[in-house]
Amino acid sequence: MPEELADFPALEHIAGSLQDRFGEAIAETSFEKRELAVKVRTADLLAVLEFLRSGLGFNALNDMIGLDHPPRAEETGKRFSILYQLYKFPGGLRVRVVIDVDEGEPVPSVTSIYRSADWAEREIFDMFGIRFSGHPGLRRIYLPDDFEGHPLRKDFPLGG
Amino acid sequence: MAFKEIELNMGPQHPSTHGVLRLKLSVDNEVVLAIEPVIGYLHRGMEKLWESLTYRQIVPLTDRLDYLAAVSNNLAYVLAVEKLMGLEVPPRARYIRVILAELQRLASHLAWVGFMANDIGAMTVLLYSFEDREDILDIFEAYVGARLTVHGVRIGGVPFDLDEQVIGMIRRVLDETPKKVADIEKLLNDNRIWLHRTRGVGVISAADALGLGLTGPALRATGVAWDIRRDLPYSSYEDFEFDVPVRPGGDVYDRYLVRMEEIRQSLRIVRQALGRLRPGEHRVKVPRVLKIPAGEVFHTIEAPKGELGFYIRSNGTDKPERVKMKSPSFINLQSLERMSKGYLFSDVVGILGSLDIVLGEIDK
Amino acid sequence: MTDGTERQPFILTRADHLITWAQKNSLWPFGSGLACCAIEMIATAAARYDIARFGMELFRASPRQADLFIVAGTVTRKMAPSIRRLWEQMADPKWVVAMGNCAVSGGPFPTYSVVQGVDQVIPVDVHIAGCPPTPQGLLHGLMILQQKIAASHPTQEIFDPHARRTG
Amino acid sequence: MTALTLLFDLVIPALKIAAIILYPLVMVIVMIWMERRVVAFIQGRLGPNRVGFQGVLQPVADAMKLFFKEDIIPRQADRLLFNLSPVLVMVSSLLAFAFIPLGGSFEIKGYAIDMWIAASPVGLLLVLGLSSIGVFGIVFGGWASNSKYPLMGALRSVVQILSYEIPLGLTVLTVVFFSRSMDLVAIVNHQKDARVWFGFLLPVSFIVFWISGIAETNRAPFDLPEAESELVAGYHTEYSGMKFAFFYIAEYAHMVLVSSLVVILFFGGWLPPFPNVKALAFLGGLPGFAWYLIKIMFFLYLYIWIRGTLPRYRFDALIKLVWKWLVPLALLNFVIVALAWYLL
């Protein structure tokens, strides 16, 4: 039995507020497994996150997830995605903000909005090679500085 | 000797970095001016490896993330997979999972208090707490055959039913642990040196803690009553009655008190779960080759160290396209700098200890 | 053990016996833990298994004072240079035990960042399998190491520089 | 010169000197074994029990192994000081035993044999002085290693030992008030004549002395200079083999020395307890050396017990303890004792 967004007024309200505020900038809203995901343009990322934090009370960045889909690169030219998993204390509402990024395309750093993004962005840089503009100290976090390649790209072999 | 500032390098091999963490410190006469953790010395490429394994093969590898709380890792991953599949597990399986997870929390917290006290110099506590922890590991050994990397939760339920022998062992632990915990507290709670080393050390405010994404006991010690078991229940936690211990101070001592109280609450939950265990299936049949239709899911649980989550993206095959772990220690370690600036070098050891980090889940 | 010991003077074999007796009974491990196996190593030192019975409870924090390097856990490529350096800092005679599958062969991690066996970095005396090995397993490995030490001939090094097992 | 006088004038003193060098070493071996077993029992373990009867040969095996270990001198180290410091630490703590009376004197064929080597009129000063020379060894060792952790350990050690010297000296003075001598033998004899041990007469002095003594020997809870969880191994991080063994032995010898001082200054040295109680007169039947051993064993045991129980002080608290509590307490104690002694 697929659940509808309409059954969850709190999440529906968030989706609605975002739509009202940003309109065209919200490329796509999906609701699956009780999780709300909003796709935005990279250029609007900071504005959307700032609104979510100060306007809607999403005060914690839970996690940042990088994705690599090489097949999609041919279709849209946007090879990577970055998922921002936001969290609201108290209450535990979650929303996922998604952006699509192309190789070499810089992404604005969200460390000014969520301090916990510091290491998470370094991790994504390390693993996918996505650069964040405005990050206070972007460098590899797990791998040694002289490591070549970015392991979580699909074309990177497991054995290195 | 007119030096002002010394650059100190703690680790990657140092007695109190809890594994292979490296801290770049700059100290002025033992006062910490700056501190920068360098991680990755245990980066095993788990997330890359998972992309080449089937959903089931991943479960035992999650044991090796937070190796002090293997069951919690299993549970978080398995719950995420089950959510992705839309699979419901039978109540008995859910209860057994709760029992195992709470015993694991107990073991993890006991190990923590030992390590923490050892960092401060009270090594006897470490020996006591490890002896108490052995009783819990015995339960795991009797149940699945492994002590540390338990692999005690499987997709679709739990591997075995709890038999009388294991239940008897659990009941014995339930009866004996409060006494043993009281012994440890007797060594520490009224000890002036312990109080001096922990009270008012490593203070962090609730606002800072939230901003840095701190979770788990470290967050609850700043006065934020947030426990996923209570607030977003999973695996039937809503059936049990337990308190969420909260302390206002945000210092090392409060983190200690919160964890000690959580030990008691875990015992309470295990006792209730044992009492309400009804006969039934302990697992549902899951196809041998597990193919999950395309989709994505993010699920978090309350692990001993904080909020532990898994993001899983499936693509219709028997292997996930991407599994990302949200590790509590990774986030908690990030706040070390905020907590320890301005304190003494000796305090860094205590503050690091109080965060309860495990490098396995930081470095993945 | 065909190393020409039968040609050794009596006094030297007696000395060998005495030295190896001291060495095998006083193996001070280097307090180094890498991953999961480190927890089992600590459990071995704790009350239930008590490594102290063999005189091995003095985990030295400084490699200079240790005799035994228990590589307890996964050795990553980032950590390997440090492992090598720590081993070099240890004073001879020194022994290495690879504890657990990761240290033996890379274990379940055939990935880009894991060294596939610590013997690629430093020479290993005893391998202990398990993921992680139980404390009994570790103790058994250490007892095998004791046998190995008892069968060695430290005085030979005086006459034959090539007999040095490390260098 | 008869054979007998030769025996008593040359051979016996030579034997005594040999004995007084061996005595601390034997005590160190016993102490190391005792510590490892007792701490193990406190922690619910067994401790070393494989080598020799109940593991008594464990320290012997350790020492022998250390003897056959490679001796590493780091390339950046100051070779002279690096080599000198373990010797300094070891010699200073062993030398002090020359002035420690291990028992009373007894007579064989008209010749008095003393259970000490030198009974200097300023024996107390010499012992305290020699035992604090050891701190130079620690400083040299920490500095010469040319490494950060040893340096920090050495710095901590200097501040700690220098601070704790002050209450130590002040409490010793209160004893000298009563004994009117700095000769350790005379101090014991005075307690014999007074029929009361100074520990009961001057309890505050004893407590301050004991706490300062633990701090002087860098033992838990004052083991900051070698705090393992912070400074790896403190000032001896870079030392290996025999030189490390020297530090190790010196630390235990120092503990034996401090315990001996406590016993001599405050608990009547080799005197049997309860000389006033007729019913317990048989206690005097045991030789003085035995009583002395029993007493110092008690204090050595106390060292271990404290180590098994307490966490480690932080540096600021350690300094606060000495300057805000022990020094004022010792001063007050000194003034009160001086007044009492003057008025009575």
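Some observations on this one:
Note that the chains are named A, B, C and D in the order they appear, and that numbering of residues resets to 1 at the start of each chain.
Following the convention adopted for this analysis, a contact is a pair of C-beta atoms (placed from the backbone, for glycine too) under 8 Å apart; a residue touches a chain by one contact, two chains touch by 3 or more.
None of these values were measured; they are calculated from a predicted model.
Chain centres here are means of the Cα atoms, and by that rule the chain farthest away from chain D is A. Spacing of chain B relative to chain C, judged by their CA centroids, is 31 angstrom. Separation between the centroids of chain B and chain D, computed from CA atoms only, is 45 Å. Note: centroid distance chain C to chain D, computed from Cα atoms, is 36 Å.
Centroid to centroid, with C-alpha atoms defining each point, chain A and chain D lie 65 Å apart.
Residue positions 14-15, 40, 43, 45, 48-49, 127-128, 131, 363 of chain B are each in touch with at least two other chains.
Of all residues in chain D, those touching 2 or more other chains are 43-45, 228, 232, listed in ascending order.
Multi-chain contact residues of chain C (touching two or more other chains): 46-47, 61, 78, 110-113. Contacts between chains, counted with the stated touch criterion, involve the pairs A-B, A-C, B-C, B-D, C-D.
Those residues of chain A lying in contact with chain B across their complex are 32-33, 35, 37, 59-63, 65-69, 83, 85, 89-92, 94, 96, 114-116, 118-119, 127, 140-144, 151-152, 156, 158.
Interface residues of chain B, counted against chain C in their complex, comprise 12-15, 19-20, 40-46, 48-49, 60-61, 63-64, 67-68, 111, 126-128, 130-131, 133-134, 137, 147-149, 359-360, 363. Of all the residues in chain C, the ones that touch chain D in their complex are 18-19, 21-23, 25-26, 28, 46-47, 50, 52-55, 57-58, 60-62, 64-65, 67, 89, 91-93, 154. The touching residues of chain A, when paired with chain C in their complex, are 142-144, 151, 156-160. On the chain D side of its complex with chain B, the touching residues are 39, 42-45, 148-149, 152, 220-221, 223-224, 227-230, 232, 308-317.
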